[in-house]
Amino acid sequence: MAGSTYGSIFRITTWGESHGKALGVVIDGCPAGLELTEEDIQRYLDRRKPGASSIATPRKEEDRVEILSGVFEGRTTGTPISLMVRNTSQKSGDYSEIASFYRPGHADYTYDAKYGFRDYRGGGRSSGRETVGRVAAGAVACKVLERLGVTVYAYTRSIGPVEADMERFDREIGRRTLTAMPDERADEAALRYLEEARQDRDSVGGCMECLVEGLPPGIGEPVFDKLDANLAKAIMSIGAVKAVEIGDGCRVSARRGSENNDEFHGRDGVIVKASNHGGGILGGISDGDRLVVRAHVKPTPSIFRTQKTVNRGGEEIEINIRGRHDPVIVPRAVVVMECMTALTVLDAMLMNMSARMPDIETFYRFRE
Amino acid sequence: MAGSTYGSIFRITTWGESHGKALGVVIDGCPAGLELTEEDIQRYLDRRKPGASSIATPRKEEDRVEILSGVFEGRTTGTPISLMVRNTSQKSGDYSEIASFYRPGHADYTYDAKYGFRDYRGGGRSSGRETVGRVAAGAVACKVLERLGVTVYAYTRSIGPVEADMERFDREIGRRTLTAMPDERADEAALRYLEEARQDRDSVGGCMECLVEGLPPGIGEPVFDKLDANLAKAIMSIGAVKAVEIGDGCRVSARRGSENNDEFHGRDGVIVKASNHGGGILGGISDGDRLVVRAHVKPTPSIFRTQKTVNRGGEEIEINIRGRHDPVIVPRAVVVMECMTALTVLDAMLMNMSARMPDIETFYRFRE
Amino acid sequence: MAGSTYGSIFRITTWGESHGKALGVVIDGCPAGLELTEEDIQRYLDRRKPGASSIATPRKEEDRVEILSGVFEGRTTGTPISLMVRNTSQKSGDYSEIASFYRPGHADYTYDAKYGFRDYRGGGRSSGRETVGRVAAGAVACKVLERLGVTVYAYTRSIGPVEADMERFDREIGRRTLTAMPDERADEAALRYLEEARQDRDSVGGCMECLVEGLPPGIGEPVFDKLDANLAKAIMSIGAVKAVEIGDGCRVSARRGSENNDEFHGRDGVIVKASNHGGGILGGISDGDRLVVRAHVKPTPSIFRTQKTVNRGGEEIEINIRGRHDPVIVPRAVVVMECMTALTVLDAMLMNMSARMPDIETFYRFRE
Amino acid sequence: MAGSTYGSIFRITTWGESHGKALGVVIDGCPAGLELTEEDIQRYLDRRKPGASSIATPRKEEDRVEILSGVFEGRTTGTPISLMVRNTSQKSGDYSEIASFYRPGHADYTYDAKYGFRDYRGGGRSSGRETVGRVAAGAVACKVLERLGVTVYAYTRSIGPVEADMERFDREIGRRTLTAMPDERADEAALRYLEEARQDRDSVGGCMECLVEGLPPGIGEPVFDKLDANLAKAIMSIGAVKAVEIGDGCRVSARRGSENNDEFHGRDGVIVKASNHGGGILGGISDGDRLVVRAHVKPTPSIFRTQKTVNRGGEEIEINIRGRHDPVIVPRAVVVMECMTALTVLDAMLMNMSARMPDIETFYRFRE
């Protein structure tokens, strides 16, 4: 209710601030019997680390995860999995000057308005570091999904005006470029654009996309907990995201029905669609096609130009933000999008297990 | 969990199918002491009625609401408010032929995949009539918000390629045009465009926008229940919505930080912003500025052209959809957007009441 | 949150007041494909009707249930099942005098303290009529449980000092005696005791017990949502219940461990217990044995003697309660206990479906 | 849902096993601005430590709490408070023999039945050590309640046949006796009784009671989330509790209404009751009187006699439990009862803040 819990059956609760002692997550509702190691989770956390000095903050973030509970003899026990990452390199001194004023584009003012005061060190709970818990939990969700034949893949679609050429889309490339673009030429162009912005002491926005494959039809609940509604919430909850699209998204509003409807076909006894404008969801429920979700991310609000703002007393002042800040958020947010998508899809799949009257054999499948 | 409940403190549960006996909603958590009449609710339901034969289905939908519980001597009692609308004009015979096949762009296939069978009459629970419950509950939320000085206003921003000219924006006009556009010229152009589409036996998409004014700063919870995240879910859960934007939305991804940051200013001792690219939300929490939410709605999937699809056995067939269907969804969805926004904002406001340590006088404000 | 919703997966929301237009319940999360008729539900509602003039209120309560949604062609569709019972015989005039004062043992004062005013007609939402929704929903839960081989049976264990002789326990008898006692001699003695109390213008308390059979081991969640914890909540939430016991209940506090431990035995390859002091639950999770839950119910607070109390202004007055009131609550509460138990057990069973890592074949058992 | 989360607004999620790396809790929804130190929490944790060698296990449990997040400059920030206690003295070797069989009265069998395997070290998640998280969170709840003028006090009412003499009731004494009995003579008698049981290689049960004072009338939600229903759940969820009573509890079932009704009186303009059979709750809502909750706790299931049981294969065997086990659970459970009661009452108080239509001044009490 107070905002740090997500999911119904596979439910996570994250905690921690940018400059606190640690950050972490508790997963309650992970099915028992999943093989799980710290390494499984570390791989995801490593993907949200700063990639390279030119586009990401050079802060050294070790972010070593520790499994504190819920795993025994290498397998999940069905009870809460507590995951923690100690903050090691944050120095409170770096940020203390922001205590007294409100940075444009940041949550400083709104946290003060809500709570009466705030942990101003590095943005506190509103910092991007909050996503450590999401990614640690998402790594577990991804592993469960894998076992059920479902894969989740996110990548950078555009940075500023530079867009990936989908003709050249290559998953492996998306995993290793600094921008997380799945197209090497676009990656290079984007890096040049970022370098320009940096020299302008400015930052840039971007767009990321997530694809889910292997999802059977029938996943998602009607009305309020539609799969697309829950995805929209999950993705919009990532800091700096300002728009979420499903399938063709915004483009549908200028279309005719005859263009936009996806015809059904039969192929080898399976029902498929001739196109996928809908992004794999009909009436809020998966249709067996590839899920397509897109998010638009604002430019990093911390820029190195003099900006006008007010202090806590409402007096107008000029400020210069110091410190280390990524000039673009998207490349490191890609793994967060992947994780939030995985958490949403897995929760919907588990929820769906009771959608139909279970026959007694299925219900008691575990009894010998 | 199964999808028909929305909200945490002001919590609603909707029920009913297009051609069932009735549709309704139960509101649990409405504060006691609000004056409430059936007429308060009826006014909102009337706005989702078909407006005029040329753009909306000519089905006669009376949709008279009945308050069954939770109101005594004209005021809410704090206990569940049950609201019901009897279905009067639906004839099951109209739709029975769709039982055997899957209409493109509809949820027929996905409901069958989920539940093993479906109520095929008029789309059952996946019909737009499902929004009757949302609107009835939203009307109550709007009334509570009004008392707290908050207003919610939605309107049609575009229909197909025809966009409202925001220079000519007039709220009153938006309430009385057939298209719900707040600009009479655009309304006329959109009606012509709709007439064209109708003659082509086609349908069209559109875009709607919702504005919230009077909302204090500090509303919304951090991390997962950010105000924008919850709004994204609420709005994406409206059937046919395929994208949700907050503030400048998709446009932020091509911007520089220096363009996108909203400067803070002090005005008469109050902190305000020089611009509102962020749409009134920073870090998931309201900043005191106007909330701006936008939704892109796909064209009505029911079109009067021959379409290819499959039947339940997966065999490819051609179908012709009969019946009465709006050529555009947006004008009737505007009130639904308004209601979902109101429900989300009110719930966040009530949740915020416990954000700070209550002083004992405030906590016991009711004791004499 | 505001109290009228129960359950996680099989979730119900009840509504309605004693003298409002109607009472009802919305069930969200009932699996699709269950055969369900109004008659299935009516049978349970009939059991909460006044049984006979000598022990139960002679008010004519027809309580005909109407299925408003969620059932199509005789089967549940997986979407919300809305059930309604119109109030037909309640006359507001009967109760209006209680508007100004607080009846001892009733919720008049506490509702006023909470909400600032109350629906005083027949107790409003705090009336025993509120259980109409619970019983209607419980009837559906019982039907699902039946399909899974689980039966739930409640009965009156004692009325005042008269206790059923468990040597003579007979389920069929418990279903047809006026007291719901499963022992005819005790039933007769209890009826005599009740007649005495009636002549004294007094009321009496009693004890009821519920047994669940056929429940497999492994049902219930650890820590807070233990099966016994959820049962305690469910049963304590029934008006007038003041104590809940599991298995040997209160008696365990005076025992030694060597007396109280239930030994495990192996019988035909199945693990069973030599005794059942624990009432079928170990560590909050079912152990495959019979569940035993007991509830102690206070005497009907409405008695026909002059009582001292205060009016809304806090002035001391004397009152005489009029109207028709059962001299004992238990016999009509037995079906409510059965229903609350069924709702709790079913919800735990559905929740348990995702306790273990599903193998892919089980997960996709529905796909052809 | 999976059982490790409790509360709606003040919501806690506990994690950790008896012999894992650590145990802890995340509190989400604690109001901002509460002064909080580790010492505030440590005092409560110290109360659940083994008190003295004669009645409690001599294991050395340091249980030092660490605040990992949510507190800044000595005050709660409104964001999640993560609390952790490292396990220091547990040795896995102590318990490994129980991996293969099912101890009577323990959850070994039911965890295996639920999850397919279990963390058998010291009972894993089903161990009494699980309450570390509850107590840490409860300490915070108690501090919030204190600020609102509400106190919570639990004590041992009886151990085996030895009952505290309530004429001699003294709170201070209850805080310092080894048995947590508020009467020194009973404490001595109970210690003698425990010594006897120990020499018999046996264990004993007991009864504990919790009192809440200063709670205003109007707290608790109607129907399912009645204050007594939520208390019943909270207390029954404590391992080994088999019965929960409110006020006069079980005794009401043998009473007449004329004995059981609590008359209202006016005293200095305040409405009070002449007696408190109801335990401070009417219709599920507090009536301003003292809350009285009682719990019956079974004897420690670990006894040092040879017991019959089965192994995982269902074969009958004889076992001798080794290790260190308290001969009675109650004295260390008293603080757990206090904490669960505090968590329940505080959550109900915060929930109640939105029960009435807020006037605009109250709603905006924080805005200057």
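Per-chain residue numbering starts at 1, and chain names A, B, C and D are given in the order in which the chains are listed.
Operating definition for what follows: contacts are C-beta pairs under 8 Å (C-beta built on N, C-alpha and C of every residue); 3 or more make two chains touch, one makes a residue touch a chain.
Keep in mind that this is a model prediction, so the values were computed, not measured.
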| item | value |
| --- | --- |
| Chain located farthest away, centre of chain C as origin (C-alpha) | A |
| Selected interface, B-D versus C-D, where C-beta contact pairs are more numerous | C-D |
| Distance from the mean Cα position of chain D to that of chain B, given in whole angstrom | 44 |
| Intercentroid distance (Cα basis), chain D paired with chain A, Å | 38 |
| Distance between chain centroids, defined by C-alpha means - chain C, chain D (Å) | 26 |
| Contacts with two or more other chains, residues of chain C listed in rising order | 1-5, 8-9, 14, 29, 32-33, 78-79, 114-116, 125, 216, 218, 222, 351, 355-356, 366 |
| Topology of the chain contact graph, where touching chains are joined (line, ring, star, complete, other) | complete |
| Residue ranges of chain D in contact with chain A within the complex | 1-5, 8-9, 11, 13-17, 20-24, 26, 28-29, 32-33, 66-70, 72-73, 75, 77-82, 84, 114-119, 121, 124-125, 366 |
| Residue numbers on chain D that touch chain C, as the complex places them | 1-6, 8, 14, 102, 104-107, 109-111, 113-116, 125-126, 130, 158, 160-161, 197, 200, 202-207, 216-226, 228-237, 239, 242-266, 269-271, 274, 278-279, 281-288, 296-303, 305, 307-310, 314-316, 351-352, 355-356 |
| Complex contacts: residues of chain D adjacent to chain B | 8-10, 29, 31-34, 76, 78-79, 144, 147-149, 216, 218, 222, 349-351, 353-358, 360, 362-367 |
